[in-house]
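In the two complexes below, subunit A is the common chain; its partner is subunit B in one and subunit C in the other.
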Partner chain A sequence: MKKIASFVISDILRNKVILVYTLVLAVFSWSIFSLEDSTSKAVLSLLNLVLLTVPLVAIIFSNIYIYNSGEFIELLVSQPVKRASIWTALFAGLSSALVVSFLVGIGIPVVIFIPGKTGLILVATGIMVTLVFTSLAMLCSILMRDKARGIGLSVIIWLFMTLIYDGLVLFLMFQFADYPIEKPMVVVSALNPIDLARILVLLQIDMTVLLGFTGAVFQKMFGTTTGLAVSAILMMLWILIPFYLSLKIFKRKDL
Partner chain B sequence: MIITCRRPGFLAITLIWSLPLWGCTLTVGSGKDFIRIADALKQASDKDTVMVFEGTYAEGTLTIRKKIIMIGIERPIIDGGMKGEVLAIKSSDVIVKGFRIIRSGSGTLDDPAGIRVYNVKKVILEDNELVDNFFGIYLQYSSGCIVRNNKIMANASEEQKIGNGIHCWKSDSLTIIGNKITGHRDGIYFEFVTHSLVWRNISKYNLRYGLHFMFSNDDDYINNVFVANGAGVAVMYTKNVLMYNNTFAESRGDASYGILLKDISDAEIIGNSFTDNTSALYLEGANRMVISKNTFRDNGWGLKIQANCMDNVVQENNFISNTFDVSTNGSLVLNTFKNNYWDKYEGYDLNKDACGDVPYRPLSLYAVVIENNPVAMLLFRSFMISLLERTEKLIPSITPESFRDDHPKMKPLDL
Partner chain C sequence: MIELTNISKSFGQTKALSEINLRLEKGRCVGLIGPNACGKTTLIKHFLGMVFPDKGQILVNGRSVAGDVSYKNHIGYMPQIGRYPENMSIIQVIDMIRSIRHFDGKEDLELFHSFGLDTVSYKKMRTLSGGTTQKVSATLAFMFNPTVLVLDEPTAGLDPMASEILREKIIKVRQDKLILISSHLLSELDDLLTDVIFMEEAHIKFHLTVSELFERTGEERVSRAIHKILKAGVR
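This part shows the complex of A and B:
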């Protein structure tokens, strides 16, 4: 398993797309930090990068990589290796390669320019988001045999998480504006990994305005250590559940 | 008991006619003329000086009924013993200086205070420390009094269990300078106080408001610092107020404001700095105000201006890294915004006159949405909301069209 994972990592890290991805992230974050004079604005721009670009690249790239290594996977399956370890190794390789390029591209400048809790949370959520979307990509690619459909599904998932889900939540908020919906709405938005990531970073940079929010629900739900732990657990579930489902299918799938 | 009385020389009197007679000096302390302050106060007559030396004096309520100067040497302690008020001043022309006054009684019926000034004129309270009193300094029906360089401290846990640091009621021409107030209910409280000056005071960590004034016309507030008070600063039902160069910081919480203005008219708010507040400046029913040369930095909301405010001018302020610069609750706009610097402004300046060529709309769509539906804060800064904001900026539909700064500055004003 280790061998497969390290092979995948070295294969991906030599991949041109991932090099470009790393480079683009690095260029963006360095230029954001050198152009913006206020750190909170810089964090905001980076947040958009983390919430839009990172998941998109993670899900699409992983998806395509798995389709392209279809023959390689078939070859491995014919060897005396457990299917579970092949799939896990593939996930481990993909996600760690993406995490490495995220860390090089955004992690390093963040650590240099905004050391401290805000930077740490930003990097941590970025890593989590990468892992979540890699895991979702694995599920997409195993669900759809056809490459085009698989990619289509992953784009839809990305669009749903970043845009449509928020639209639905906003719609619900206005429909039920007359009811005490603070807590249910917090739960609903915490169910989306992108929203969860956004709220965690927001708690760091928009503290003053969030304290004004009725009852400071935010602070109570996410600001405490328990809140952080719960958020981390939710993220872990978002990583583990899609991967587990895909693994289950892969074990029994006729390749 | 010996009273040393130092009359000035006969020669001096003949030389300087106009000078009134000096009083005597009465000393209090162990080995001095008096052991107890109360005895000295009883013996003293107008224009005398009572010098109190180091030590702790717990004599119940001390009442000054004569025009005397009372000076503490090496900061003697007057202990109220948690009963009633500590020092009551019932005569005009009294100076109290250099004491540490502790432990007044508590109770909301008679409002005991560290120093309470009753219905008199020209009292000076200077360089005293007031610790753990219910009210710190309490002035009622007084005029021409000066409260200078006092330190007023308390450690209250609940608003009901403590009074205000400097409480002024029905007074006129007061001067409150250089006091430091912490841990009371309101730092400085004015009710029906007119023609007064509040200058260079520091009011921190008070439970309710750093400064609270109502029905107090024609007062000036200059160079004060209000930090981390429970609900910031509240000013209500007042006209002709000047607020210059004050600092309002760290008022955080849902009902917490840098300054809350309610039914204020003809006031000037100039050169103040607002930092790290949930809402920096909240205006409700405020008319004919001039708000200029202020700096709003790192606040949740810079300016919350309700639709019932009229004829206010907001000009030449800096709005820097606030989450929302401006918010309002209606579509009626009767106020003027001009020549402010907004860090969110994205326009250009082709004719190089340092003002942007396209108007800036400080009211963001989302500020309006949140005003109507606070829960929507959950979606703040999400991709979809940014898209909506962009659209709104191009084609204003929800935000009032006339809510804009026609000549926004390109660079922050040097304030």
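This part shows the complex of A and C:
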């Protein structure tokens, strides 16, 4: 399995799209850090960038990569390798390659400009978001046999989680403003990995004003440390569950 | 060596294989023949665990293939269309397969050299023509000295010279191996066969040895004999 994963990594790291992705992340983060004087502001700008581009690239790129490796997967299946190892290696390879380019593009400037816990949490969040959306991409690509449909589904997932979901939450909040909806709201935000990521970072930089409704409830309910732990655990579930489902389907799939 | 009992498979509404019973033994060179979309590739994919049967059982060397992958150590498979990671070179692909096979015997790299792949081994897979890619597939299929060789349309993309090299290679290794060749045009590998399986619409229409086939039809070439059988509607 390790061998397949390392082959996938070395294949992806030579891919031009990934190089461009790394470069774009690097350019953005360096310019944000050199333009903004206040650290929190820089973190916020960077957070928005991370929450918008990282999921998009992770889900679309992984999706296309899996579709393009269709025949390669077939080749591996015809070899004496367990299907579970192939699929796990593919996930490991894809996500580590994406994480590497994230670390080069954003990790390095973060370590230079904002060393310490805040920077660490921001980078860790970015890594988790990458893993979540790679995992979702694997599920999309296994659910849809057709490449165009699979990519369509992943774009919809991305749009839904980054933009539409917030709108819906806001709408629900206004509709049910007269009721005690704090607790349901926490559940609702836990259902979106991007909200979770935002809460994770905002809890850390202590900008309660910017936490937004769900974030504030989160903090009130769990306090900062427990809040961090809970949201991190939920993110882990977001990584494991889609991947597990896709693995289950892949094991029984006709190629 | 390979035994299939009551294998049925459908994809949605289409029946791909229906009640296939088949027994293939060592030392045979079997031609799997039939029109397009008759289920040849689906049948082959069952041997390799790429497609799972709806019903029935597959035994390789007396052991069920369900849930086991070690039997694939004894199979060399050449797919109809081999596609490989684009950024890898020929030699990297070979190294990769080598590293996942854990093969301790002596590797057979004859095809690698006789196809002239050694001179282009640095080339990336995406730059290769279809025929060269097929040569890589063939090299990989023969490399680990497998006891079962499954060749899906092996000569489809190859030039006449390469087909001839492949043919000679098959002749060289065919003792104590089971070789399964699927094709819809058999001309090049005609005279290698010991058995012919003809498939049509998800069924095995007939499974005869070549001498039986010749006897029944009075022909001396496989392609003509099959043609005659089909025309006459003989079973």
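Just so it is clear, the second predicted complex is superposed on the first by the 239 of 255 C-alpha atoms of A that agree within 3 Å, B and C clash if a C-alpha of one lies under 4 Å from a C-alpha of the other, contacts with A are read in each partner's own complex, and residues count from 1 in each chain.
Basically, a contact is a pair of C-beta atoms (placed from the backbone, for glycine too) under 8 Å apart; a residue touches a chain by one contact, two chains touch by 3 or more.
Values in this document were obtained by computation on a predicted structure and should not be read as measured data.
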Touching partner for A:Q175 - first (subunit B), second (subunit C), both, neither: neither
Contacts of A:S34 with subunit B and subunit C, given as first, second, both or neither: neither
First (subunit B), second (subunit C), both or neither touched by A:T224: neither
Partner touching more residues of subunit A, whether subunit B or subunit C: B
First (subunit B), second (subunit C), both or neither touched by A:R198: first
Subunit B versus subunit C as contact partner of A:F72, first or second or both or neither: second
Which of subunit B and subunit C A:R252 touches, first, second, both or neither: second
Subunit A partner contacts - residues on subunit C that touch it in the complex: 11, 45, 48-52, 69-73, 75, 77, 79, 81-88, 92, 96-97, 99-101
Parts of subunit A lying in touch with subunit B, wherever the complex brings them together: 38, 40-41, 44, 47-48, 51-52, 162-163, 166-167, 169-170, 173-174, 177, 181-182, 185-186, 189, 194-195, 198-199, 202, 206-216, 218
Subunit B to subunit A touching residues, read off their complex: 252-254, 256, 276-279, 298-301, 320-321, 323-324, 343, 372-387
Touch list for subunit A against partner subunit C, complex: 3-4, 7-8, 11, 14-15, 68-72, 74-82, 252, 254-255
